[in-house]
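Going by the order they are written in, the chains are A, B, C and D; count residues from 1 in each one.
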Amino acid sequence: MVIVEFLIKLAQGFGIGALALATGLLFGGIGRKIMARIQRRYGPPFTQNFIDLFKLFSKGSVSHGWAFDLGLVAGFAPMLAAIMFLPIGPFTLLPSDSSLIMIVYLMMMAYLGMAMGVLASGNPNSAIGMSRALMLMAGYEVPFAAVIFSVYLFSKTGYLTQIVAQQSGGFMNWNIVKMPLGFLAVEIALQGMLGEKPFDQAIAPAEIASGPMVELGGKYLGFGMIQHSVGLFLETGIVVDLFLGGAPNFWIFIAKQFVLYFVVILVDAILPRLRIHEATSFFWKLPLFLGILQAVIVIIQGGVLNV
Amino acid sequence: MADIIDEIKSMDLKTSWLGDWEFEVLTPKDRLAATLSYLKAKGFKAFMGLSCVDWIEEGNFELVYILQSYDLALEAIVKTKIPRQRPVIESMGTLWKLCEVYEREMHEFFGIEFTGNPNLKPFFLENWLDIPPLRKDFDTLAFSEELFEFKEDETHGIKSPKRIE
Amino acid sequence: MNSLLALLIVPITGSAVAAILHRYRFVERLITFLTFCGTFLFLFGIKVGDIFTWHLDFLGKNVEMGLQITPLSIFMLYMTIAFGIVLTFYNLSERSKMKGFLLLLTLTASNWIFMSTDLISFFFAWELMGWSSILMIFGGKHEEKSRHGALYYAMMSIGGSYSMLIGIFLLSNLTGTFSIQSNVSYLMSIMSVHPWWVLGMVSLFFVAFMVKSGIFPFHTWVPYTYGEAPDGFVPYLSSVMSKYGVYGFLIFLPLTLNEHVPSVFGLAWPNYVLLWFGSVTAVVGSVLAFMQDDVKKLFAYSSFSNLGFILAAISLFTPIGLTAGLFHAFNHLLFNGAIFITVIAVISKVGTTRMSEMGGIWQKMPLTFLTFFIGIAAAAGIPPFAGFGSKWMIFQAMISHGLIFATVLLFFASIASFLYLMRAFHAIFLGQLSHKYDNLKEVSMIGKITEVFLLGALIFFGILPGFILDPIDSIVSAFGLKPLPTSGYEYINGFFSSINMVSIFIVVIIAFIFGFALFAVVAKHKKVPQEDNYTAGQIPQDWNLTPEMYQFGYDFYEPMDKELAPFLKVKIDGFFKGFGESVKYIGGAVKEIFTGNVQIYTYLAVGGLVIFVIAGWVVW
Amino acid sequence: MSEWTEIVDYFRGRSMWMLHYCTGCGAIELPPTMTSRWDMERFGITPMATPRQADILLITGYLAIKTLKRVVYTYEQMQAPKWVLGFGSCTINGGIYWDSYNVIESLDKYIPVDIYIAGCMPRPEAILDAFVKLKEMVQKGEAKGYEKYVKNYDWYKANQDRVLKRTSPVLKEIEKVTKIG
């Protein structure tokens, strides 16, 4: 009986992973299309990312040893694992473990794996790119954490499932209404998380030859693409669950995710790239201020728990 | 302005106006350094370039130093000739450090020796074993045909390289 | 033989034997290892509540001294001795200048600290521990620098000890007893009358503990000392010895539970102040760490940064805070041990501590690389390894009080720790392998066993944290707090949520299996050497490219340095250095009389201490 | 299996990432090709930063001996399947540099070229035409330059070495007449 249950969960898990990947790739494709239209181009077909991924998996590649291979696999496997704890619409595969900080740290494992892989390639460009990515992370994670903590205090729970449940019952119950400043801070942090302009220092193609991905080709680049796509799904999904009240079904969920991603794409289309230390310190100024202000408001409203 | 020309003429050097703001000075090889340092002292502080002309019939290389003065709004072109058979001249690196870079190029493309220039290693060409390529006696077409293996193309009557089928 | 006494007698006997046989290096190491094992065996004979007392007639006073086992001390004893076994086992193959008998002396002192019931034996054990470790550091690799490091450490230790000594005298003068228990309850009873006086008294003790743990602003000795200590001793210094301070804090922290203590944000203000000391330590340690090029110094900063986390958590003194702090103490011991043991393995092979001279070592030392990788994953708090649970609990404990600024600071420290760990990871193990390391070999069989053991422990305690949380729960209840609910070995229960680590582990493993399956199924790859790398079309041989030139390891976070530079202008280091210089100056005058060397300061300090002790007794 | 190959080839043709080796004046034709006027991204062609990621190597113009060396190295760093586009007259027969001592005459003696784009300069329309042509060839399984390179490696290598690894002067008889210096 336990085995049957496990197999059902396994099948569901693969389904969710495939769904997340497909959604992420679709978003990427639509993002490219939107970007093209903003630039008055026709743009690639919105299925372009699927084709690219397929091509990458059929193309030859070079490996710099087992640490390179292990690192690239470790770069997307934890990302897929983290999806299993995310409430997607009404459905969560493992609701009892859907702790927000845990998901954030699982994502960091993916970054660690990716970093190990690309740094094992021994190219200085990838090291520079990785150092930039990490410095940027030191920027955006701080306001993001401040907002996570204020949501914790506000909802008095750490389960994403319960945070979603508390927001049920209409627009006025959503956290975006109750914590607008926090949402703003997260939206800015999301821009950095997804590595879109003005925070694309890590993969600056004309500057450091696409940074971490400089030695990746074929399936390795495909793994990177999976990581990015699933990460896109995961990160926008977290924000939807935190602030936009989850969703009654899958379609509304991805629609909400898409709204967030659309904003990111619009900002990406109009802003140039900042220098890395400007980007990092930017996150420590306005978004962090907003996040902490939000937390203070929550605390004043009586969010502190008596232990 | 004109007094500079007069002064140069008084130094027994050939000089003439090339335009409103440009004059040339012809100087023998052994008076080159003196001429250039005189002009530099007169305000031609900017060294604009060094080039070389191969007068193959005369058997000479003509070195052309181009100087400018921002104060006087004038350009001075100093020319000197050295024999093709033994093209050796002293380096002007002491007057303008920049000159050494041009000398390196002239050395590579004309085979001129600049005594006193410490850095005359190859600049642009890699693995060059023939005579310096900008000399007039260097047959660039023959070189090209030989190295890149031209062959006659019957259909168009032009020469083109061999291809693999 | 009484097991409690045996915990002191066995190591000190071993120490004597090792000191006699110290010419035979391997024998000495073997004795050290066996003594640690023997001491560990005696641990099975003790249980909570065991007590052993004796009376001492000292300067006409009858003083009761004793040893006692509390849940906290048994936890600490297991932790430290078990780690000592691993370390001494590893040191069997290691050629560093570590003196086994001094380590055993430290072990004696450490056992004594954890078991002592009276302030006198606590103080003597504390001093014994301090001095044996100082002497150990004197034997570091660079003679002059080691002395400097030891001297700095000694100066700070002496400062802390004086502070503690004054506290002991003042306290025992009032109560007429040296028993820790009675003194603490006395302080608690007068708390309602003289709260500020009590807190002043306690802070005298806290200074000593802060010095030992390297808490801001007493952190400055840590990098010097760790950087110069013998390689084989650094893991012990960092993993075990920094925890004595934690133990000390926990003796006196129950005082602040009193309702008469004024509170800030629902937290007694001394706790609030300690919490800020902890948070600032965590941030300062992390930020300073990612600018280091010396690997031992980098992890020295990392070490006290983690102590900052622990202090911040335990200073809350709530069930979850205490659990989180102690859990992090254990996890820190584990992952720091793994990191430092792999680091000293690499240092002993490459012969330098500068990270910019290493690189690409993963190709030559795969197991060491893997252990280090899991170690830093645990240190960064990545599930499902040990280290995640405690960080996760610390954040929950902090935020449940609404301490948003301190929590954000700690989270920043956590992210910054990710940064410096990645820097070390890259600069030591990844990137281009220099040709001078072409003949590098993996560690010996003993080293491999140690590394596999540590690797297993990091994963085991990561997915089954209950094995550590259970004893911690008994400690929490011994402090009179309600322990967190437990629901099985695989669960971590936080304030806001609980996590089943086994299920996370299974999910991650399945994801990895899927990842490797995908890796195997899709198009094949071609293995290329590290020279075959993207160079923008430039051919490496043409411009005599060496791997060192193509390794980006130096000044890894240069833009960040620029951004943080204004915050780093405050130099606490300089204050203490100036203090040390003036002591040196006085010492220099004495030096002319005694014609001694640097050690003269040590003797002077000891002499001063003895005079002070005797004077104190006479006055009393 | 051949159906599978056809499917793979179909998608490969729809997603070709390009590394542009901008040696000569032709590079100026690429920005309009990429941006809104002509927009090559609609064919799934995107500029890439390194040879590891790229499928197409676009040589925009003349190749000096010095740059040929880099092109060959870059080409060998790319992973199969890979295609080369020779852009402009210079890659075909040397163009206006046909008799230059320092510019190679024909690119396909050194690396296999799948498609040449004639013209000096070829306009962006011509480049797009070449991309579409290449896409058709890839989808039909005709663009096999990388296999030709493997098969005739010795011939290509000999040609490359003849130019790049000269050990004696090319024009021996003249050398006797005039001596350097």
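Basically, contacts are C-beta pairs under 8 Å (C-beta built on N, C-alpha and C of every residue); 3 or more make two chains touch, one makes a residue touch a chain.
A quick note: this is a predicted structure, and the numbers were derived from the prediction, not measured.
Chemist: Looking at C-alpha means, what's the farthest chain from chain D?
Modeler: Centroid comparison gives C as the farthest chain from chain D.
Chemist: By CA centroids, point me to the most central chain in this structure.
Modeler: Central by C-alpha mean position: chain A.
Chemist: Is the number of contacting C-beta pairs greater for A-C or for B-D?
Modeler: Looking at contacts between chains, A-C has the larger number.
Chemist: How many Å are there between the centre of chain B and the centre of chain D, using C-alpha atoms for each centre?
Modeler: A distance of 35 Å separates the two centres.
Chemist: Taking each chain's centre as the mean of its CA atoms, how far is chain C from chain D in angstrom?
Modeler: 59
Chemist: Quick one: chain B and chain C, Cα centre-to-centre, how many Å?
Modeler: 71
Chemist: What residues in chain A touch two or more of the other chains?
Modeler: In chain A, 58-62, 209, 214-215, 218 touch at least two other chains.
Chemist: What are the residues of chain C that contact at least two other chains?
Modeler: 526, 532, 534 - these are the residues of chain C that touch more than one other chain.
Chemist: By the touch rule stated above, which residues of chain D touch at least two different other chains?
Modeler: Residues 50, 52, 69, 79 of chain D touch two or more partner chains.
Chemist: What are all the chain pairs that meet the touch criterion?
Modeler: So the chains that touch one another pair up as A-C, A-D, B-D, C-D.
Chemist: Mind listing the chain A positions that touch chain D in their complex?
Modeler: 32, 36, 39-45, 48, 51-52, 54-55, 58-62, 205-206, 209-210, 213-218, 221
Chemist: How about chain A: which of its residues touch chain C in the complex?
Modeler: 10, 13-14, 17, 57-67, 69, 72-74, 76-78, 80-81, 84-85, 94, 96-99, 101-102, 105-106, 108-109, 112, 115-116, 119-125, 127-128, 130-132, 134-135, 137-138, 141-142, 145-146, 149-150, 152-153, 156-159, 209, 214-215, 218-220, 222-223, 275-277, 280-281, 288, 291-292, 295-296, 299, 303-307
Chemist: Where on chain D is chain B touching in the complex?
Modeler: Spelled out, the residues of chain D in touch with chain B are 65-66, 69, 93-94, 98-102, 104-106, 108-109, 148, 152, 155, 162-171, 174-175, 177-181.
Chemist: Within the complex, which stretch of chain C touches chain A?
Modeler: Listed in rising order, the residues are 265-266, 318-320, 360, 362-363, 366, 369, 373, 376-377, 380-383, 388, 391-392, 395-396, 399-402, 404-405, 407-408, 411-412, 415-416, 418-419, 422-423, 425-426, 430-433, 494-500, 503-504, 507-508, 510-512, 514-516, 519, 522-528, 530, 532-534, 536, 547, 550-553, 556-557, 559-560, 562-563.
Chemist: Taking the complex as given, what residues does chain D use to touch chain A?
Modeler: 8, 11-12, 14-15, 17, 35-36, 39, 41-44, 47-50, 52-53, 55, 79-81
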